[in-house]
Structures are given as C-alpha cells and as structure tokens.
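What follows is a set of structures for review.
Both complexes below contain chain A, partnered by chain B and then by chain C.
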Partner chain A sequence: MQPRGSVCPNLMLGLPALLLAVAIGAIATTWSGDFMSAGNLGNLVNRVLPLAIAALGEAVVLFAGRIDLSVGSVISLSTAILGVTSAQLGWLSIPLVILAGLACGAFNAAGVILLRINPLIMTLATSAVVKGIALLLLPSPGGEVDYSFYDAFYGQDQFFGWPLLLIAVAFAATFAIFGFTRFGRSIYALGSDGRAAFANGVNVPGIDLSVFLISGGLAAVAGLAVGIKILSGDPLIGDSFTLDAIAAAVLGGVALQGGRGSVFGVLAGAIALVLIGNAFNLLELNTNLQQIAKGLIFVAALMLFMRGRSRSPA
Partner chain B sequence: MTAATYLDRLRPAGASLRAMALLLLLLAAFFISTRGFSSILLLDNIRQAAPLGVVVAGQALVLMMGRLDLSVGATASMANIVLCSIFNSDMANLVPAVAATLAAGTLVGLANGIMSTKLRIPAFLATLASSLIIAGLVVFFTNGSPRGAVPPAFRVITEGWLFGVAPYSALIWLVLLVALLLLVHFTMLGRKMILSGANVVAARHSGIPSDGLIILSFVLCSVLASIGGILLSAITGMASIGVGNNFTLDSIAAAVIGGALFAGGVFLPLGAMAGALILFFVQSLLYVLALPPAAKFIVQGLIIILALALANLKQERSQ
Partner chain C sequence: MIEIVSPALKPMPAEFPRLAVAQVSKAFGANKVLRDVSFSVRAGEIVSLVGENGAGKSTLMHICAGSFPADGGAMALDGAAFRPASPKAARRAGVALALQETSILPDLSVGENLFFGDEPRNGLGFIRQKRLHEAADAQFAEMGFALKSTRMGSELSAAERQMVEIAKAIRLKPRLLILDEPTASLSSHETELVLAAMARLKAQGSAVIFISHRLDEVMEAADRAVVLKDGALTLDAERGAFSRDDLIRAMVGRTLADIFPARPADLAVAPVRLSVANAAAAGLKPLSFSLRAGEVVGFAGLEGQGQRPLARALSGITPFHGGEIAIDGAPIRLTSVARGIAAGIASIPDDRKHEGLALDLPIRMNVSLFALSRRSSWGWLAHALERRFAETARQRFAIRSTGIDQPVRQLSGGNQQKVVFARWLAETPKVLVLYEPTKGVDVGAKTEIYRLIGDLTAAGVAVVLISADMLELIGLSDRIHVLFEGAVTGTLARPEFSEEAIMRLAAGPEGVLNHAA
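And then the complex of A and B:
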C-alpha cells in the first residue's frame, strides 16, 4: 500500500485528466486555427476560473471524506448579492459576498458537527435554503454589477491576466497546504480513515469546520467571478456548478471516499471539462445535447475511477 | 409463522406514530383557523397531496436500501411530457400513453440501479447525473416547447370522487402504499430487501442477491415517480417542462419527516404518508400566508435539517 497523503502518488492521480486536457487541446488545435489564438486562450482562462475555484473548494471537502452539494447554490447567492448591492456598496460588496459564502460553509459545518447530520444530506438541505435566500434577494435574473469590476478584473482580455493569476495563487497555496503542512495532512488522514485520525489526535470537528468554510469561501469567490463576468445577478446560474465541480474533482483523480487526490489533478479536471464544452461549441452541438453529453461523461468518469475502490456509501 | 407475528408487523413504528401526531396537530391548527372541521376539505387536500405522496413512497423504498434517488423530480417531469404528448387530448390513446410513461420510468430506474450497483457509482451522484440527462433529453425532444394535453376524461383520476365520498387519487395512493407495505413486510422478497438495506454485508453473507434487490428498489421508485407524474398531469392537464422538479427535495423532506433513515433498513408506509401530508399542509400554509415562492425552498431545507437533527437526538438519548 502506498503512503497516503504523500505528494508524488497523489500527483500521479491527476495524470489522466491532464492527458485528457492535452489531447482535447491538441485535437481542437488541429481542427480550428482559432483555438490557440490569444483571444480564445484568454476566453478559456475566464471560463476555467469559476469552475476551477469551485472544484478546488469541493476537492478540499472530498479530501476529508465529506461532500458539499451546496456549491452551486452558494455561487447563485453570490451573484445575487453582487447584483443587488454592488451599485450602492461598490467594492465593499466583494467582502460581503465572501462573508456570505463563509456563513453558508459555517451553516453546513454546524449541521455536520453539532447536529451530526450526514454531510451529503446536510449540504443538500443547505443548498435548498441558500437557493431560497438567493431567490428572495433577486426573484429573477437582473440587478447590476459595476462595470469597473469587469474592467479591472477581465479588462486585459488575454491569457496572462488577473484570472490566470488568481487560479495560480489559489492552487499553489492549496497545494502547499496539502503537501507540506500538518493541517493538510490531517485532512487527508481524516479522509483516509476517520477513526485512526481521531485516535491519533486529529481535531475532527476543527477539520470539518475548516473544510466547509474553505468550500463556502471558494464557492463565493467562484460566484464573484461569474457575477462580474455576466455583469448581473442570477439566482439559478450556479445550479449546474455542483455537479461540474464534483465531476472536475473526480476526473482529476480525487476519491469520493476521501484521502486521495491532488489539487493539480482537480485543475486538470476543470480544464478538461471546460475544453470539452469548448469543443462542443466549436462543433456547434445543440446546448441540450451538451447537457446530456456532460451527464454521460460524468457517469463515465465515475465508472472509470470508482473501479476497484472500496464500496462507496450512499 | 404464527398469526401473532404477522399482526406484530402491522403495528406502526414509533417514528410513524410521531409523524401522525404531528400531522394531527397541524390539522387541528388548520381546522381551528378555518373555523370548524370539514371532511370534504380534508379529503380535498389529501387528493391534491396524492402525487407527492406516491413519489415519497418510492423515495422511502430507495432510502430503505440505504440509497438516495435525486432523479425522482426529473422522472416525474418526464412522465408528464411523455404522457401528454402521446395522449394528445384523445382518450383513445389511454393505453399507449400510460404504458409508454411507465416504461420510460422503468428504464430510468434500471439505469439508476445498474449505475449504483454494477458500476459502483454512489447512488446520489448517479441519480444526479441521470436527472441532468433526463432533463436534457426532455428539452431536446420537445425543443423547449412541449405540446399535448391529457383528455378531460382522464382527469377524473384526480378530479373524480368514488361514490362522491373518496377521491380516486387518494384511493390510488392508499392502494399503492398498502401494496408496498405487503411487499416489504409480508413477502420473502421484501424481507430480503429490508435486510440488505439494513446491513448489506450481512445480507451478502446470507446469500441474498442484494445488487438485484437494489436495482428493483430503484425501478419501483422510478415507476412510482412516473405514477406521481401521471397524477400531477391529471391535475395540471397539460405538458410543461419541469413540472415535477420540486418532487426531488420534497420527497426527501417528507420521507425524513416520516421516519426514514439515510442509513437504510427502515420502511414506514404510514410515516411516508404522514410526511407527505405534513409537507403538503406546510406548503399550503406558505401559500395562504402569501409568502414568496422562494420561502418554499428555505422551508424545505430547514424541515430536512430539523427532522434529521431530532432523529439523531433521539438516537443518542436511547443509547
């Protein structure tokens, strides 16, 4: 048995997703000359950003052997808060959104730690509550996001810009935490074997609280990226992100049972998913067929990666 | 086996009785506010709660196997589209329309069951993916604007009352619940299902083919979701996209109120019935109070959390 939580074996788990992303990129390049153009690459980075950040938060929860089904609703709530408040509050609406995301994470953690509710069901219930709050704030898509946000963040519209920097910083920081700190190792340990981790002095409630806070906070950041991009709020826009974030993580080699996977695999998984969507667009595939294909790809990814693993819960 | 053991199995569990007590409290409050008991009003509410109630019975069956079905809403919505488009307002199409709807539901259940057993995909993710695929297929085949309606004669199943005293939809719901009660608690097949839901490892060691039983529970759940969709179509009368989507969370909330456990091994038909009625009454209350539709989601989530927190609390007390 390989040592769990060590850097190299976990990095290898991300290899299939990386190869998939490179393969799709290569095929797309030979098909269409526009693919490698600065404009399309910049566009791709902007599309990878929200999914990669949301998937990163989801992966941290999955590392601990928990799951977060409220990511999509938190993203919707973030765009709604941004759309409603940015006109009056200006830049202050950004910390407000992140606070709201952390509050959602804390709510999840409270249910899991204090009320001992299964994370799957707790986060499902939270997602309903958060969706309701987002719909109360903004019953239909609308509101307005200050254009200066867009200009400052997406303004350069090229490959090397703020979005790429944000992805790089978020993933490098998370990689450092998981590779080299006691905290990161504790999360892996909890995910690998909860009892053993507890017996060895891992602060289980503390880890639970941290992973849900990280997931909620990162989902809020992803929501900010979405809201600034579309320049308005949409109380339902995040719905598809929950499954996409889990799919990116699974594609990147993260085990749903916890304790295995690397953040770079997650990034490769997110890039692969966005490239698949981009390839569908280049093929001018019907949007509904895209949805069906996404579901099938997800099932295929789960099928390949769940093989030979221990029996899964639920 | 003696008659006494059989009778013992009919005795409702504590969780069912608690759900019934909560329902009675809610009904008392309801009838005090409407100034006086009216059996017609009560039966009319039961009639409208029947589509949800049938879906909850299916969800409870999957929960009994320790799994979760997040595709019941999409399946009920699909049933509405399939039924209305084949019916096309002509009663002559009754048999093909209902048969095709139930067949489509069976296919969904088979796919869910196979994914969750043979392909070892966690059930909640497999069913989440299949709900995405179903919704995509529905929009793809209808181009986003579904056509067709159920004929007025068919709407008797939710609008009509047997001898003027009992609504047909409530009777359908009752018959299905009794059938499930008999299946789970009084047949060898059902006993095997509940055992493999309670402890899948022990069931395997006892030579019970639990994979097949899990697939069976998913098929029954999807068929019940389709029947829920059929009853809902008889109420709404026409095809529209996503008409049953709320059933997914509603059915989980109602099953949990009715004493279902996510760990599996519990099937309480009476609790599932009470849970569905409680949820329906709470939602009508929200409607009467003229709260925005968004409040429905918040209440849904809070009910799930509250019901599970109470169940956990009780479990700790008893230990």
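And then the complex of A and C:
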C-alpha cells in the first residue's frame, strides 16, 4: 500500500491488537457460551471504558515521547473524591474530580517543564503524592456514591449506552486531532525528534503542558467511570491501571520513544487486555495466571513493534 | 501560525540593508565562539559565509535564526531592531534557516515535513491532506527535485533530507534565507539545482546567506564573501574583489604551505604497512587499498558515502565482512577494537565527546585510559606512574590547560582533541586511522595536529585520513581515494589534487558522465 502520509500507516499499527482481540473473543466464545451473551457484552463495554479512556490519555503522552506513571493514582484519587463528596455536592462532584485530574496533570507538567525533571521520575513522584492524598481523603475503601449516578450512566448495563458513546466520541475526537490538526501533528513531531520539532517552531513547553493535562483529565474521567461503577471510593483501586494503560497503548502500536502510534490501535489494545481478563474469568482460570499472561503479552507487543530506528547521524 | 505574506516582494527603503549584524559576540562557557562580528546583507544579494570548522559560522547563523540569543551586539532587519526569541519568531519576521543538521521529522511524510506548522486547512481547522501532498509535489517539480510527498521522513537519504530542508526554507519565500552547508551531502547535479533555486529567490528580492566549504561554489554563486576565523571576521569582499587564495588566507590566517607538513617526494620504496583486500562492511562495498609506511592516504566523498563505516571497520568497532586485512604482510583478524590495538592500529573517532572522552574526568585519567592495563599492577592503578605519564603527554602534545587534573570539559575543542591523540598515541602505532580529526578545532590546534601527523609519518606510521575537509585532504594526503555509495570511484595522486577533481569523482559514475557530456 502506498502510504499517504502519517495517518494511514498509523492505522495499520492497530491491526495486531485488533486481531488479538478477535482471536481471544473467538476462543472465549467457543469455550464458554456466556461470552457473546447480551449481559456479558454490556459488562465488557463497562470494563473497557475506564481502561480505554486512561490508555487514550497515556497514549497522547507517549505520542509526545513522554510517559505518565501517575495515571493509576489519579484514578484512585478520583474515586476517593467522588466517594467523599458526592453525598454533599451531588453532580458538582464530577467537575471537581475532573479539576483534580487536571491539577495532577499540571503538577506533572510543572516538574517536567519548569524543573526539567525526566517525565518518568516526575510522574512517578506525582503518583506517590497523589496516592498519599487519596489515602488521606479516604484511608480505606468506602464513602458513598449515589445509585442515581449509576442509573443515569450505566443504566441496565446494556451494550448500546452512554459508556459506548463516550468511548466512541473520545476516540473519534482524538483521531481527528492526530490525523488532521496542527496541534496533533506537533505532538507527533515532538515525540518523533524533539530537537527537530523545536527547530520547526513547535512550542515544546506548550505541548508538554497539553499532553499532561489531557492525560490527567482523561484519567479523572476513567476514575469517575470506576467510582460510579463500584458506587464508592477506593484509594488503591487505580494501582493496576498505570501498567495496563501503558500495555494497551503499546499493544496498539504506540512507540514508547514517541512519534508513532494510532489512536484506534490503543482502543483495540484496551479491548484485547480486557478480553483476556474476561476470558480468564469465564474459564475460571487462576487470576495470577492472568497477570503472567498480561506481562508476557506486553513484552511480545514491545518485540513486535520494535523497529530499527537507527538513523544514520548524517 | 506562520504567516509570511511574500514580504520579499514589498519595496523596502534602499538605505537599509536586509540584515545588519553589529558587533555580535557569543561564548559557550569559557569558549569564545564569536567576537564582535559585524557584516550586512542587502536585499537581492547572495552572501557566502566561509570559514573552517569551528570558526563560528553555524553559531552566527543560529543567532540570526533565533535558535539562541547573542551575548552582545545587535541585529537589524530592514532597518528595524531584530531580536528573534525563537526559530518561530525569526521565521515570522521572514528569516528562514535550513540547517546542515536537518530538522526533518522521521515519523512524518515528506509533504507533512515541508508544510509543517503551515498546513493547508479547511474551515474547521482540519488539515487538507490531499491538497498538502499535491502542493508539495508541485513545489518539488518546480525546483526540479526528485522527491515524492508521500514518502516518510525516516526513509530519506542524507542528500534527500537536505533537499527537503532547503525546499522547506525556500517555500516560505523568506526575506532572508540562510542555508547552512546546503551542499555538503549533495552531488554536482543536486548542487546546481540548489544554486538555481537560490538565484530565483535572489531575483525575487530575497537575501541569501549560504555557508559553504566548497570554494568553487563560493566563487561561482556568491555576490559577496564573508570569512570568519576563530570567531572573528577576517574578510568581507564583493565578487571580483577576492580570489580563492584570499579566501583561504582569511580562513586559516596563513598560507597553506605554513600549515601542512611537507610531504616526502617518493614513498614507492617504503614497505607496505596496511593492506586491505576485498573487505566489505555494512554500508561499504568490497574495498581494496594499501598504505606504505609513512604514507597518508585520504578518503574523500560527499557526506554519508561510506566514510563512517570505513572508519569504524578499520578501528575494529564494526566488523569487516570477508576480505583480508594485513599489517606488515601478516594477516590479522580485526574483530574488535582490542584486536586492532594489539595489531598496531590506533584510531581517532570523529565524535570525541561521545566516543573519545570522559568529559568530566581530568586530563590525567583521560590520557591514561588506553594505557591503563600497562600502568597497573594486579589491577591497582599506580598513581605516581599515571601522573608522570600524563604530565609527559601533556607536554608532548602541547595540551593547553591548568594542569593534568583539569577536567577535559573545560578545554577548548582543539585541546580536547589533543587529549584524544595523547591517549591513542601513548605507544607509537603502525597504522593511525583518523576520522574528521580536526572537526571543531581552531586553526592553532589544527596546525599542531597536522605537525604531529607529519612527525608520525616521518617515523613510519601509515595514516588513513577520512575527512570532509578538502583543504585538509589536499594538504596532508599523498593519495586520495574518493568514495561514492560505499565504493571507491577514483583515486588521485598528489599532482592531480584539486577540489574540482575530487568533486567530479564524488558525484559518482553518473556525475562523471554528466561532466563529460
């Protein structure tokens, strides 16, 4: 296929994750009759939602050649805030959670831009700080989220509902940004070659701030989805999301060194990861095996997408 | 974002030059790179900026293009004060820079690179991808460049990256176009296309500054030549008022005969030191050549024609495939740097900061690094021995420093290079492989390095000199092999040396045909 610029080859990057998702789905269907049931499909969408949204934010950061290790803690904090405040504040607790997520992103960006701290270290530090705050707010799982939140958002856990729409809108919008706007192209440019991007007039601090805000904001949205789902707060529930989000992105063809990756690949990656978990549950396999399988798939994905980036230094 | 409304076409008051640079100075740490440089460029004028590596040309152009500010001095663009805060600000003011170190984004297509930050968009702000590719292809066609808009940046060769870089700068129809060594990686034909594009811009009223190492090109294209030497301006003359020799004298501050050691007339009787027969490597076709004791054999060529693989293979970093390497007639297996050293090959890498030196360690430790094993007993370093060794080296190689305990980072480029030489020449080798030995080195240190090479050859060392510096190649070599796409396209003996002869071979077989036609 004749590549027509950066958009098309990037679409191809999502193919392996998509095939993996389909394959797991097919295996699970043959082994367990429940897999394709309406109940399980609706359940799957609800499970895909938080990971897909968190992975999308992570992918945006990865596109820019940075990384965000605070995603999981931001999710925990979000559920904690929701659990503690929603009884008094009602719907107002939702914008409050989003603001908190954006604040976490801004904190990451401040360290990376102003103090020039390596993103890996800065976001790891932020992760510890945010987790601490979540534990101060809500030392143990609890708090209360009104059932009306669940009813309004998840309804009857049907396949076609708000969660599916939210996924569709978030991914379509991000796809449009990365395929067809200067902003998206600047993010790719920064991840592709930071010095060249600067020489091309890219506002590097501006992009850094944007990607960490997007990641923080989307992690907060993911946290809302989790909190509303469990109808309470949990200061540790987000822990596994950081690695899962990175794994989903990498599985979807996002390069850890930046500059490459497709938005839909990330979605396919998130779906594949959730399906693996779901299939393990339906087949009643040991959950520890699940962890091992996920880790191995992560490594396999890294190997699959490794490419010789050894450009001759002219 | 970047809007340039063809300012080149607007009439400008004639009394102001397009760009005036007044007493600009710049230092990086203790290293003074520019000293009170003043010159100006008129609209519709092509000015060639000439100088040796490290003379400060690129630094000066980066200041003009907003990459970093000057420490002192001022600039004016068409009479208005000009202090660009960033490359973007400079571009907005109408100053476009095409870098020698290209800014092509590997994960974007050629067209996306060409239009980066200035993409055609529809009413919703979405980029019109198809229109972008059509416009890019149209521009390449107009310039005669054989490039396709949909190729990815990462697939391009060094020459192609350079062409895109130049096309990018020219597309903006800038008031002032700055090209930093635009032709270093280009063949004669491609160079003609670039010179033609410069002439078109000039006819439209733009000013052009181009940096070049090729004096033939300067003589052909420049309306005026400005020469920098060690950060200071040494010549500023209109076309016709300067000769090639004037340029060289202004660049190096003396005549060539004073810089380069005299070469012995006849080396044909000396024994063969190094012979390479049919050896290939990644990026290098099967190659055969030999060096006699005391001989300097130069390797010339456009950028990226196999120089780097050759240097790395000869030093044992990457292996040769097949073929036979022999030193003093005895075949050797050059599979690692250690084996090369054992066989008597010393090599000086081009990138001393990454491959040669531990910048934060003192001179003492840097010079004794290679001789470490000899200067230790049971793995413990003998400090007194190390100090004595380092002190001797410091004096022998004239390393200007406060003492052997000074960190290498604080030394000038030239003195850093002398530290590299000191390390590798602790024992006199049989073969010395030099890859860009004077890159970023001032003229004084350069002369000392050349003298050292002369002394070594007089002692029977055979020297392989891989360099992009024509003056250096012509001045030092006894023979020059010219590389093109990893193969030797021709060999010149000393009486045949000239920039033109080298360039003709450097363009490859096709270039030879073009010239013959």
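Just so it is clear, the second predicted complex is superposed on the first by the 301 of 314 C-alpha atoms of A that agree within 3 Å, B and C clash if a C-alpha of one lies under 4 Å from a C-alpha of the other, contacts with A are read in each partner's own complex, and residues count from 1 in each chain.
Keep in mind that, in the parts below, a residue touches a chain if its C-beta (ideal position, glycine included) is under 8 Å from a C-beta of that chain, and two chains touch if they have at least 3 such contacts.
Not measured: the values here are computed from a predicted model.
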Partner with the higher number of touched chain A residues, chain C or chain B: B
First, second, both or neither for A:Ser192, with chain B first and chain C second: second
Which superposed partner A:Asn200 touches (first chain B, second chain C, both, neither): second
Touching partner for A:Thr29 - first (chain B), second (chain C), both, neither: neither
First (chain B), second (chain C), both or neither touched by A:Ser37: neither
Chain B versus chain C as contact partner of A:Pro139, first or second or both or neither: first
Which of chain B and chain C A:Thr181 touches, first, second, both or neither: second
First, second, both or neither for A:Gly259, with chain B first and chain C second: second
Doubly contacted chain A residues - partners chain C and chain B: 309, 311-312, 314
Complex contact set, residues of chain A against chain C: 2-7, 9, 176, 179-182, 185-186, 188-189, 191-193, 195-203, 259-260, 309, 311-312, 314
Residue ranges of chain C in contact with chain A within the complex: 1-2, 67, 86-88, 91, 99, 101-109, 111-112, 116-117, 119, 121, 125-127, 129, 132-133, 150-154, 158, 161, 185, 303-304, 308
Chain A-facing residues of chain B, complex: 66-68, 115, 119-126, 128-130, 132-133, 135-137, 139-140, 200, 249, 252, 262, 292-302, 304-305, 308-309, 312
Chain A - residues contacting chain B, complex: 69, 111, 115-118, 120-122, 124-136, 139, 240, 242-243, 246, 256, 286, 288-292, 294-296, 298-299, 302-303, 306-307, 309, 311-314
